[in-house]
Every structure is written in structure tokens, then in C-alpha cells.
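This is the structure I want to talk about, given as C-alpha cells.
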Amino acid sequence: MRKQVKTGIVGLDEMLSGGLLEGSTTLVKGAPGTGNTTLGMQFLHSGITDEDERGLLVSFEEFPFSLHRDALSLGWDLRKLEKEERLRLIFTSPRIFLASLQSPESPLNLTIQEWDIRRLVLDSISHFTRMTRDPKELRQIYNRVINGLKREGITSILTSEDSGTGLSTEEKGRLSFIVDNIILTRYVEIDSSMQRALLVLKTRGSDHAKEIRRFKLREGGIVVGTKFEGREALLSGSPRAIAPGR
Amino acid sequence: MRKQVKTGIVGLDEMLSGGLLEGSTTLVKGAPGTGNTTLGMQFLHSGITDEDERGLLVSFEEFPFSLHRDALSLGWDLRKLEKEERLRLIFTSPRIFLASLQSPESPLNLTIQEWDIRRLVLDSISHFTRMTRDPKELRQIYNRVINGLKREGITSILTSEDSGTGLSTEEKGRLSFIVDNIILTRYVEIDSSMQRALLVLKTRGSDHAKEIRRFKLREGGIVVGTKFEGREALLSGSPRAIAPGR
Amino acid sequence: MRKQVKTGIVGLDEMLSGGLLEGSTTLVKGAPGTGNTTLGMQFLHSGITDEDERGLLVSFEEFPFSLHRDALSLGWDLRKLEKEERLRLIFTSPRIFLASLQSPESPLNLTIQEWDIRRLVLDSISHFTRMTRDPKELRQIYNRVINGLKREGITSILTSEDSGTGLSTEEKGRLSFIVDNIILTRYVEIDSSMQRALLVLKTRGSDHAKEIRRFKLREGGIVVGTKFEGREALLSGSPRAIAPGR
Amino acid sequence: MRKQVKTGIVGLDEMLSGGLLEGSTTLVKGAPGTGNTTLGMQFLHSGITDEDERGLLVSFEEFPFSLHRDALSLGWDLRKLEKEERLRLIFTSPRIFLASLQSPESPLNLTIQEWDIRRLVLDSISHFTRMTRDPKELRQIYNRVINGLKREGITSILTSEDSGTGLSTEEKGRLSFIVDNIILTRYVEIDSSMQRALLVLKTRGSDHAKEIRRFKLREGGIVVGTKFEGREALLSGSPRAIAPGR
Amino acid sequence: MRKQVKTGIVGLDEMLSGGLLEGSTTLVKGAPGTGNTTLGMQFLHSGITDEDERGLLVSFEEFPFSLHRDALSLGWDLRKLEKEERLRLIFTSPRIFLASLQSPESPLNLTIQEWDIRRLVLDSISHFTRMTRDPKELRQIYNRVINGLKREGITSILTSEDSGTGLSTEEKGRLSFIVDNIILTRYVEIDSSMQRALLVLKTRGSDHAKEIRRFKLREGGIVVGTKFEGREALLSGSPRAIAPGR
Amino acid sequence: MRKQVKTGIVGLDEMLSGGLLEGSTTLVKGAPGTGNTTLGMQFLHSGITDEDERGLLVSFEEFPFSLHRDALSLGWDLRKLEKEERLRLIFTSPRIFLASLQSPESPLNLTIQEWDIRRLVLDSISHFTRMTRDPKELRQIYNRVINGLKREGITSILTSEDSGTGLSTEEKGRLSFIVDNIILTRYVEIDSSMQRALLVLKTRGSDHAKEIRRFKLREGGIVVGTKFEGREALLSGSPRAIAPGR
């Protein structure tokens, strides 16, 4: 059995029966505000502080500064970690990233090797859809990205901007079928409030909890709570209350 | 922790646990008549009267006079504020606004600096969809707009004409993923009446109330009420009553 | 506070807390047979008989005679009113109307001035969609029409052929965001019968009743009744009965 | 008040508070097998036998013989009526029909005048969609057809092949807004059986019953029954039973 | 009254109040595995063994042998019937079939006449959609096929590959409006099992049972059972249980 | 009656009343993570170890190594089986596979004959959609594939990447109508957890269980459990609880 990599999010590691398989790629899909980027940063931060593993965050985010600010508000000082050379942030474009990933001598690959990067977050993989409209070409791009990441046995998290509801994994390029693991984050309306729900939809080569669990964004990051009770059709976003009698 | 900017709408500031982060961009999406423009005007008016911060309202609205009239009916005399040089109204086109925002010497930027503008409302950002049909180009336009606004650390509200229901943030240019905060206004059918509902869907770098709350448009502006009770699937627009037993 | 113009439909004027703002444009959207044209005619007829204000009805209707016939069946003799020069009917095409509206010397504008027209009905604005397929151009057309009407401070009702259900205001040219007021008429299935429902969705610069009310077409015109009881999801067109216990 | 023309279908004439307005055009929309053609034939047959008015049936039907056969199975001998020169059947194409309708000297118009045709059935108007894909052009075609029929004051029934459910009148050419009256026939699932439902959706210039009523196809034609009880959302095709308590 | 042709499926003949009208065309629509082909084969087999009428099966099926195998598994030895010259199987393409049908001297037509074919099954008519993308042309093709079959007074069953649910008969070429009879087969989820449901949606010139009935595929063919009880919205595929109280 | 081939999955063989017909093609459709590939591997593994039948796995999978890893995690050492020449893995492209299948002398066909291959898994057939956008051409490709497999009487399982829910078998190329058997795997939300559901939708030439059953992925492979109780609309993915009373 291969080594497992803790995400550092207690409840999630539980759900993953230990963590993510080393060298696996994990897709984290969710609506805006459901905390995909936070989940990725926490994965890196935990690797650095708990496992002393250096982390690499590749961001296609249009506003670099907001990443630092968001991290700070969660209690993580990214600049400090960068100064200590335990974290590396790369702000680039999908096209450049793909090119670097494929040229062994690129700064990216040199960093990966010299720094012995074990954990990588790509925020967000949705930006690759800007490179082409052809689903076949997009699928090839995804394959190249994932191949490049697997080559070095890196455990990576790919965030995905997903506005949908429910289970639907319909997407150009069939990314969901290529990645090893899928984590869904959703908004669920409960008692006239929006709550965040988290679900492990798929893990390759190991079993996982099937529960749909609450989670919160707090200082310190994501806190996974208990599963929902007395509701059905949670993934629709508008669950129904179940009569106690039932 | 960075300073927070009060919207001046009591219930909403509560939900935002204090207000909007200074320098953040907030998307206010809602159907016609749900009060997006009012929310923006109240944000400016409160800044002027409560915080003595000058405000700038950029409107792509086809009928300038209706803005003044609507404000008056809510008890706000915009012309007076303009005369006192505490408020500046600019009626322009998306194309001109974008160009001015990018040329440092433009009247727009001069106003922003000379007047030391801290609060800006853009009514409505939907008009940028008139500039292109290409989602990639639209996303770039949105980025330029938001970059331009953030450059000066302006706290801005972008209203969005949104005819949809539910949570769906599907939109050309993925605006929802670029802005810092999202506020949704919706119509909800309760007891054979249409009520207005307000929801903070996302705030960057801080937590916020998840409740779906009633609100009213009154003289003086928006008044946020309590959350809805005994209903489920509010965001569908046609909620279901829940049996008390449940 | 500006003067309000009574529609002459008692229940509706109540819902509008007095009537329509003078000089405002009101969109009346509804499925075929829900009485949009009737509402417009009643608005004009009441202006003539109750307020002694002359009215102008611009119709793009393919069958002029049916307009007279329908009016008669409701008890209104349009020909008589025309003879008395208290009502003017113009049967024209969208293109010609738009051109006339923009040329000050056009018969249309002369009529408006010489007759001192205060109330105008356009039946139906949907016909403008026949002029272009480009949403941007359509929006400009709508703006020109509404600007033209507002120039003279005319209070106008624009009927719209709307086959949809629910609240959706999705439409080419975003008309709903340009007009001042929106009234929706709908069919609702109650006790195996189709009933007509009326709703004020939006009024600019004033509050309005949010109730969904029954209405009937009678000799004498529209009679607005009470709101619906014991049903939810009325706007879906297929409401659910609510158990009395709830 | 203008004369009313009985359809000869007892329950339906009731629902129409007497019948169809003389000279009006009625759209009968329904799914295959719901009896639209039967309704039209019964209208003609009743005119001939009860009112001694000659009838004209224009059919675009691909299989003339099936019309005769269907009529026979309902107890109507069309050939006999043709021999007696009380009924005229014309099998033609949409294009030819439209051309004839517009040329005063065409056999069609001569028949209409010489025979003094008061009742006409067009089966089915959906075939005109085969003439063009342009909605504007289609609307003009519909207008020409209906104008042609109204010119002579003919009371006409236009059947329409409609596969939809519910109330939706979405259609190319906006036919529903041009005709005077609309009758919908639908399938409704009740107690694991398909029942036929009939509904008068719109009548111009007169009121009508709003009930959704059962109907059957029997020897002798359509028999309209009582309205449905204890069900809601009938028009969805899959109604819900309502608890007696409610 | 014309002669009726038994399908040989007891329950179905009941529902058809005797059988199919001689010379009529029947569309059998259903999802894969719901037994459309079986229904057709049983119709032919019953004709041969019970009525001593020869049958013709025209198949566009890609795998001839599977037809023989499926028949065998149901207890029907097609090869034997072919040897006895009581059944004729023709495996061909839509294009060739259409051409032969229209040339009087074609082997197909010669067979039909020499063999005095009374019953024909076309499996499946969906394959004609492969001949054109133009709905008008498709409708003409359907008309030619059905005309060709009716010319000889053949009673025919046309199977249709239909993946939909519910009643929707939306289809290119409006086949449902051209055929005489429509039989729908559906899957229905009851008590966590998939059951087969059968429904006669339309019969031309005669009445029919409206029930939605269970059916099974057994050795010997289709066995139609009782109608469903205590469920509503069967045709949705996901029926709701009805409380006994109701 | 022809021989049946056990899948080696106890519950599934039960549902298939013994197994798959020898020489048949089975489509296994499911969402990512529902275990389609596992089902195929187990079918091969069981053939090798229980029936001493050699197996061939053709994979279009982008990451060969993950196949080995996944198998290992389920307790199957594919490399060992390959060394023992009891299993053959071929990683290729849709285009090459199709070409080889059609050339008798291709390594693929030689392997099939020399190894006397009885069981084959194609993972996944969805990749053929990458070869063309034309549904007709796709259907021909599917036919060639399935013909090629049937020629040798091979019993084959074709996995299909399916992101849908419910029963819908809508797909380009109408694959569902060509294959002999269809097995659906689905996610179902029960008590705030995602459970895996398995369903035999269609088997050619034999009956099968209609139940919707739970299944789990364990070391050793798929374990099929009991059917679901007290729920309706399972295939919607969001089932409703049924009151015990019902």
C-alpha cells in the first residue's frame, strides 16, 4: 500500500481514510466562496508546518495580492513562508505554465527538483479552458498537465471554478475522469441559511467516506463538521426536510 | 486585520460582520426591482453623511433623471450632495469608462485622486457585456475594471442585472470568481406575496452570516429584516412550507 | 413627491399605492388572453372619462377591427371616443412609429403636442423584436422608444407578449431593466381551473403591494380581487395546496 | 353583441358561454391523439346538420383516406355530405392554399362565395412551418391566412400539432397572439390512466369557463365531462393528488 | 366497421379493444430493453401461428444473428418459419428499403404481392434519421414509407428507438402525427426496481384503454399485467407513492 | 440455450440470472468513481482465476500505471497475471484499436486467436467520441467495434464515461441500442451520504433482475448488496423517503 499524504484538514483526512495517495491528483470543485483555494492553501501550509514538506502554489489568479490577504485573514503568513524558502508562489498564465512543465530545464521544473517539491496546488485549472474551445485539445492539455505533475510523484490539488449544483460532472475535456480524486464543495440551504457542504466523490485505489459533511471557514482554515441530518436531496442545494416519523 | 467599510445598511453590515473590507469589490446581483441600485446609492450616501467620505457613482443607466428621481423618493437629494461636492455622478458608456480608468490623466482618475474617492458604485457592470461576445475578452475587461478600482484602494460596489433564480452564478466572463464579495438579492414568493430576500454569498478573507434575510425598500433606503422561518428552497423563488412538526 | 396617475383599475391603483408615477413607463407582461391589451385600454378609457385626459393608443396589432370589437365587448365604444376627439388610435408599424417618434414634426409628435397627450399605450412592444436580431441594437431601440415617450412626460403602458411562467424576466434587450414599472399577468391553475393572477413586480421610486392577486375580465374591464390563499408556488403556474395545519 | 356560432360540442359551447364569436379564428392545440381533428370535423358536421350551414375542410393531411375513415368510425359519413354538396373537402398544400386564399378568382374563394361558407377548418396550421424557417416570415404567413379567413367573416378552427405540456404557448410566429380563441387539449395521468383534458385558454371579446374538463372520444364525437377533482398541477400532465383534509 | 388485426398479445389486444385496425400503421416507441422488437416479432409470430397470415420483418438492425438469437430465447424459431415460407426476414438499409418500396417491380414489392403479406414490422424506423438532417425531408421520407405500406393495406408496426421519458412526442419529422396508432413502452421505478410499463397513447378511428399497464418479457413473449396502483406521475419514470388515505 | 459467462461478481451474476450470454457485448455506464473499470477488471480476473479463461484488457486510459495501482489496491496483481500469460493488457488509441480489429493479421487479432481470448474489456468506449463529431459516423464506428468483437464470439464489457443521472440513455451514436446488455452504476444520496447503486437496464435474449441494488468497492472488488428500501426516485440521484404508513 502506498504512503498517504495528510491534507491537514482533520475531518477531510478522516473522510479520505488517512489522506490523499502520494503522487495522486485531486480535483476540488466548488462554487465561488465555497473555499477551494483555502483548501489548497491549507494543504500546502499543513505540509510545511506539520510535515516539513516544501510546497508550491501555482496561481492563475488575476489579483496576486488578494491571495496573500486571504491567507493572512486565515492566519497564514505566506510572505514569511516564502522568505523562509518553505513555500514558493508562482503567478503565471496557463500557457506559460504548460510550456514550463514540459521543458525539463524550465525554472518551474528546476524549482520542483531543487526544492524537492512534494505538494503542489494549481489555482485554478479552469483557466485552461481559456486556451482552447476544442474539447479534444482541452483533454490533451489536461493530460499533459497531469502527466507533468505525476512524473515527479507530486501530490497535487487542482481547484476548479464550478458554478453548478448536484453531482453533475459534465465538463469540457472530461477532467473528472482523468484525475485520481474528486472533492466537491457545495452551498446547501438549511433553515433559511446557506451552509457549506463537502463531499468526497471519488478516490482512486482506496475507499473513502461517502458522507456529505458541513464545513466552516475559520481562522486556521477549514473545519469539517458532522454530516447533515433530517434532510434529503442535499446536493440539489435546496434539500427537503424529512418528517421525524420517517 | 484591515479596516472595514460600513455599507450603512444596519442589517447588512451585521451580516458582513462589520462591513466590506476596504479596497474590496462587491458584486450585487439581483432581478429588476430588487433594489441593487438603491443598495449602491445607500452605500455612497452613508459614506458621505456618516463617514464624511466622498462618493463616486458611475452610471451606464440610459435615463440619468430617473436616478435622481429614485434617490429623491428614498429621501436622498443627490443634486444637493453634488453641489456640496461630496458626491460625484458620472454618466458615461462602458467603453469610455474603461478607457478613462486606464489613462492616469483622465478626468475620471483626476477626480478620484483630487477628491480622494474611497467609495465607488458602478451601475451596472452588466453593460460591459455590450462590448464583446467573447467570454475571454469579457473576462479581461472585468479584470481591467477591477484592477483599475483596486489600484487606488477604492471600496466599490458593482451592480449586476441578473434575471436568474437560485444560486446559479453561471455567467459570461466568470465575474463571480473575480470579485471579492457577492451579495444576491432575490424575489421569494411567501403567502401569495413577493418578498425581497438578501443573501451574502461570498466574502473574501473574512466570514459572514449565511442567513437569507428579508429586506424592504423604504424612505431612507434598504431595511434588512429577520431571516425567513418555516420555509425551505427559498432560493428557488417558490419555497415550500415546512410542517411545524418537522 | 410627484403626481400619480390612476390606472382606473381600483385594485391595481391600490397595489400601486395610488397609481403610476406621472411620466413613467410601465411594462405589462402576460400570456395570450391574460388581458394585457384590456389593461392598457382601461388605462386610457379611465383617463378620458374620469380625468378628462386625452389618450393615444399606438397599435402594431395585425387586426385593427378586433381591437374595436374587443373594446365594445367590454363596454367601451372607441369609435365614439375617437369622434369626440378624446381618443386617438394609430395603427402603424414598429419602424414607422420609431421614426415618427424621433422626428419632432411627425404627425405623431404633432398629435402628442396639439392634443396634449398625457397617456399612451403601445400594444405591443414585442413587435420591435421583428426589427433586429441583435440584442444590443434592440436595447438601443427600446431606449429610443422610452426616451421619446419620456421627453413629453407622457405616462405610458407598454404591453408585452410573454409566453413564459414564473418570475423570469429573461428577455432580449433587457427591457425589464429599462422600464420604470413592471406588472405581470399570469395564469394559475387552482382547483382544476385556470385563474388570472396579477402582480406588481417593480415600481421605480415608490413602494408597491407585493401580493399576487386574482383578477377577472368583465364588462367594464379588469376587476382585481383578493390575493390567493392556501397555495404556494403560484408563479410556477401549478401551485401546491398547503395543509391547513401549516 | 355579435352572433355566436355553436361548436355542437355541448360541454364546450357551455365553456364558451354559447359558442365561438362569428367570424373569429380558433386555435385548437393538442398532442397527437387528443382529438383536434375530431373537434374540427364535429364543428363542421354540427354546422351542417344542426344549423344547415355548409362547411369547408381544408386538409394538409398526408393521407386523405384516413380522414374519411376516422370520420366514419365516429359515425359521420363525409362522402355522403360531399355528394349532398353540404360539405366540401379540399386536400392541398400550405403553399397552394395560401396562394388561392389571396387570389379572389381562385377556386377556393369561388367555393367560399358560391357556397356561402360560414364554417371552415384548417387541419393543420402547423404545416405552414414547412414553408419557412424565419419567424418573421412565418408570422406574416399566419397573418395572411387569418386575414383571408376573416375577410369573408368565416368562423374558422385551426388545428395545431402540439407536443408540449403545460400552458406554454411558446411557438414560432407567435400564432397564439394572433388568433381570437385558444383551446388546449392535453393528456393527464390520473390513477395510472391517461385521460383527455380540455381547456379554453383564451377567447377574444367575451368571457369563458376557466375549468379544465375531462373529455372522451365516442361515436358521435367529443363528449366533454366534468372538471377534475382532488388534483393539482393537471397541466403538467402528471398531477398530484391532494389530501382530502386540504 | 373495418376488420381488426390481433397483435396476439392478450392484454394489449384488450387495450386496443380487439386489435389494430387492418391496414393501419402503429408506432411502438420505447427505451432500449423495453421490448419494442419483441412486440413486433410477437405480432408477426402470432399472425403466422394463430391466423395463418404470412409475415415480413424488415430489419435495419446491425446484427442479424442477434435477432434470431433473441427470438429463440423467447421460444420462436425464426429460421424454421423462414424455411416453411411463412415468415420472410429482410436485412437491408433505410435507403434501399425506401427505393424498393417505391419501385413496383422490386423484390420487396414482389414478395409482398406473391406472399400476400398482411403483417409487416419495420425495426427500427429511427434509422431513417440517418438519411437526412432536414426535418421537412425526413417528414417526406416518413410519408413515403407509410404510403408505401398502406398502398397494399398492410398492417404494420414501426419500432422507434426512444430514449426519452414522459409523454413527449417531440421528434424530427413529426412521425407521431402521421401514424395511426402509438404505443409507448417505458421504464418505471417502483419499490427500488425497474418495471416495464405499456401505454396506448393514440389509436386512429377507434377508442382504446387509457391505462398504464405493467408488462413482462417471458418465454413466449410479452405478457401484459394489471395497471399500476397507488402511484402518480408514472410517466415521469420516477412515480410518487400516494398515501392510502388519499 | 447458450452458455452463460459469470462476471464473478456474485450479486450481479444473480441479477443476470447466471451471467452474461457468451459472445454478448455489455455496456457499463457510470459516473466517475462508480467503479466501471473495477467491474471490468473483476470480470477478467474472475475469468482467469475461476474459469481459467485468459483475458484481454484494452485501455485508452491516459495513465497506464494508475490501472496497475488501482488493481493492486483491490488485491489484484495484474503484472503477475501478465507474466503468467493469463492476462494481456494493451494500451492503445481508439484509432489504432479500430484499425487492428479490422485487419485479421494485426497483433491484436493474432493475440485474440493464439491466446484464445474469451473475455475482453474495453476501457472506455467513450474515447471513440474523440474520433468524430458526426453521429452517423460514430454509430458506424461502434458497429465496427462490436462486430469485430462478436466475430470471435468474445464476451466483452465496454465501459462508458457517463456523467448523467437517471435512466437517460441519450447519447451520440445510439450505443445503447446496439449493445446486448446495459448495466448502469449511479450515485444515490441516502441519509446525507452518497451510496453506489447498480442496475441491469437491459439484457438481450434473457430476463434479468430489475432491482436497483447497493454495491461497495472492497479489497477483492465489487460487492453487490441488497436493494434500497423506503425510497422512491432513486435514479434521480436524490431519492425521496416514503412514509412508513404508505
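Per-chain numbering from 1; labels A, B, C, D, E and F assigned in written order.
As a working rule, contacts are C-beta pairs under 8 Å (C-beta built on N, C-alpha and C of every residue); 3 or more make two chains touch, one makes a residue touch a chain.
Since we're looking at a predicted model, the values are computed, not measured.
Asker: Just tell me the minimum hop count from subunit C to subunit E, counting one hop per pair of touching chains.
Answerer: 2
Asker: Distance between subunit B and subunit C based on Cα centroids, please, to the nearest Å.
Answerer: Spacing between the chain centres: roughly 30 Å.
Asker: Which residue numbers or ranges of subunit D touch two or more of the other chains?
Answerer: Expected reply: 240, 242-243.
Asker: Could you tell me which shape the graph of touching chains takes: line, ring, star, complete or other?
Answerer: Contact pattern: a closed ring, each chain touching exactly two others.
Asker: A student should be able to answer this: under the defined touch rule, what is the ring order from subunit B, with subunit C coming next?
Answerer: Loop order (subunit B start, subunit C next): B, C, D, E, F, A.
Asker: Sort out for me which residues of subunit B touch subunit C in the complex.
Answerer: Of all residues in subunit B, those touching subunit C are 31-33, 62-63, 66, 69-70, 72-74, 124, 126, 130, 161, 163-165, 187, 189, 192-195, 216-218, 230, 237-244.
Asker: Please name which positions on subunit A make contact with subunit F in the complex.
Answerer: 1-2, 136, 139, 143, 146-147, 150, 166-171, 174, 176-178, 180, 182, 199, 201-207, 209-212, 227-229, 231-236, 240, 242-243, 245-246
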